């Protein structure tokens, strides 16, 4: 567990290979009993004027990385975690692709599951990241989290 | 979503490649907005006589597959899910390897997260599966879920 | 004349520590037609089971009260689950 | 003689729909030293912002009450977040 802010952004979609690689890396940590993973996937929602083709993400990167670090420290205090990783896309992510990867690990399943659920809410509510839903070459809508 | 019992067992550890492949397959389902994944990993617990090297899983397979199907149907009624997958190891799984992979997907994150957490509890409590913790060539302990 | 259910062999399957204590995954009993009698018979025949908790499944369903069965039934002895 | 803080240019960065409405990711203001005055100045200068909600961050922290700043501060205009 590192104690300085770490970049959370990846360019474009989060690939299944990155996820597999991250899981694989935890096989040396034999005090872990459970991993909880959340993946956000871009939905092809129906909009006025067509379907969402992709979401283009931008962020206030410096603030997002600092805030993600603060959240990380708070979650580590609250839950008995071994590891915690956050990866969020920047730039274009097509419908069906993964834009958010949250990964928590703990000796016991409950801490991993609860921490992951809380992290996802906090990421959505507190990180300065914006998604623009691309509907066609001319048409887009700024996404709003509910 | 298929409506007949499906084998949930894999021989040996669940590989990161199987997990990546399963995630990849969902990219065509563009109504999905969130995936929740739980992975059970074998812990190298300290025991009287040494560390846990591996867990050897056996199951009453026919009953486990039928029960997993019943649980699946109940979870689909309770939560708005697009997909639900369960993979559990049989045979030997070494410390650090993954023995359980539970995967739920939904248009909205809350349903995926809540369904996954409930599934993990039900799998641990209701499926006739047994783990024998291998400590050395001569020594083992039958695991008990708490 | 057909054999009565009571005199037909009934096959029982066992798992985990229960299989270990009875020395195999399968055993056969005869003249037993409910789960209460089966528990009694097992306790007499396998003292190694003393103090071990197990459930009985009849036709792949856990039974919690005394339950009758016949030689067509699938009977299984299940120690506490420890999957996942 | 040094310029006073009020007369130095203050750089402001904007994101999302706010950047779009003001026509760029960066703007410069002068003679403004608190977030309340900044909101007023923006409302006058960019009628396109009318009806749009946004927060202000000073040095990468959201500020909820009126907050003073100077030309060393990092000021950012943040529409509602929509990550994940």
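Residue numbering begins at 1 within each chain, and the chains themselves are lettered A, B, C and D in the order written.
Throughout what follows, a residue touches a chain if its C-beta (ideal position, glycine included) is under 8 Å from a C-beta of that chain, and two chains touch if they have at least 3 such contacts.
All figures in this text were calculated on a predicted structure; none of them were measured in a lab.
Taken together, chain A and chain B share no touching chain. Chain C has its Cα centroid 50 Å from the Cα centroid of chain A. In this assembly, the C-alpha centroid of chain A lies 28 Å from the C-alpha centroid of chain D. Note on chain placement: the centre of chain C and the centre of chain D lie 75 Å apart, centres being C-alpha means. Contacts with at least two other chains are made by residues 40, 120 of chain B. Per the contact rule defined earlier, chains pair up in contact as A-B, A-D, B-C. On the chain D side of its complex with chain A, the touching residues are 13, 15-17, 57, 60, 76, 78-84. Interface residues of chain A, counted against chain B in their complex, comprise 16-17, 19-21, 23-24, 26-44, 95-98, 105, 107, 109, 112-113, 116-117, 120.
Interface of chain A with chain D (complex): residues 40, 57-60, 62-64, 66-67, 88, 99-100, 120, 123-132, 142-145.
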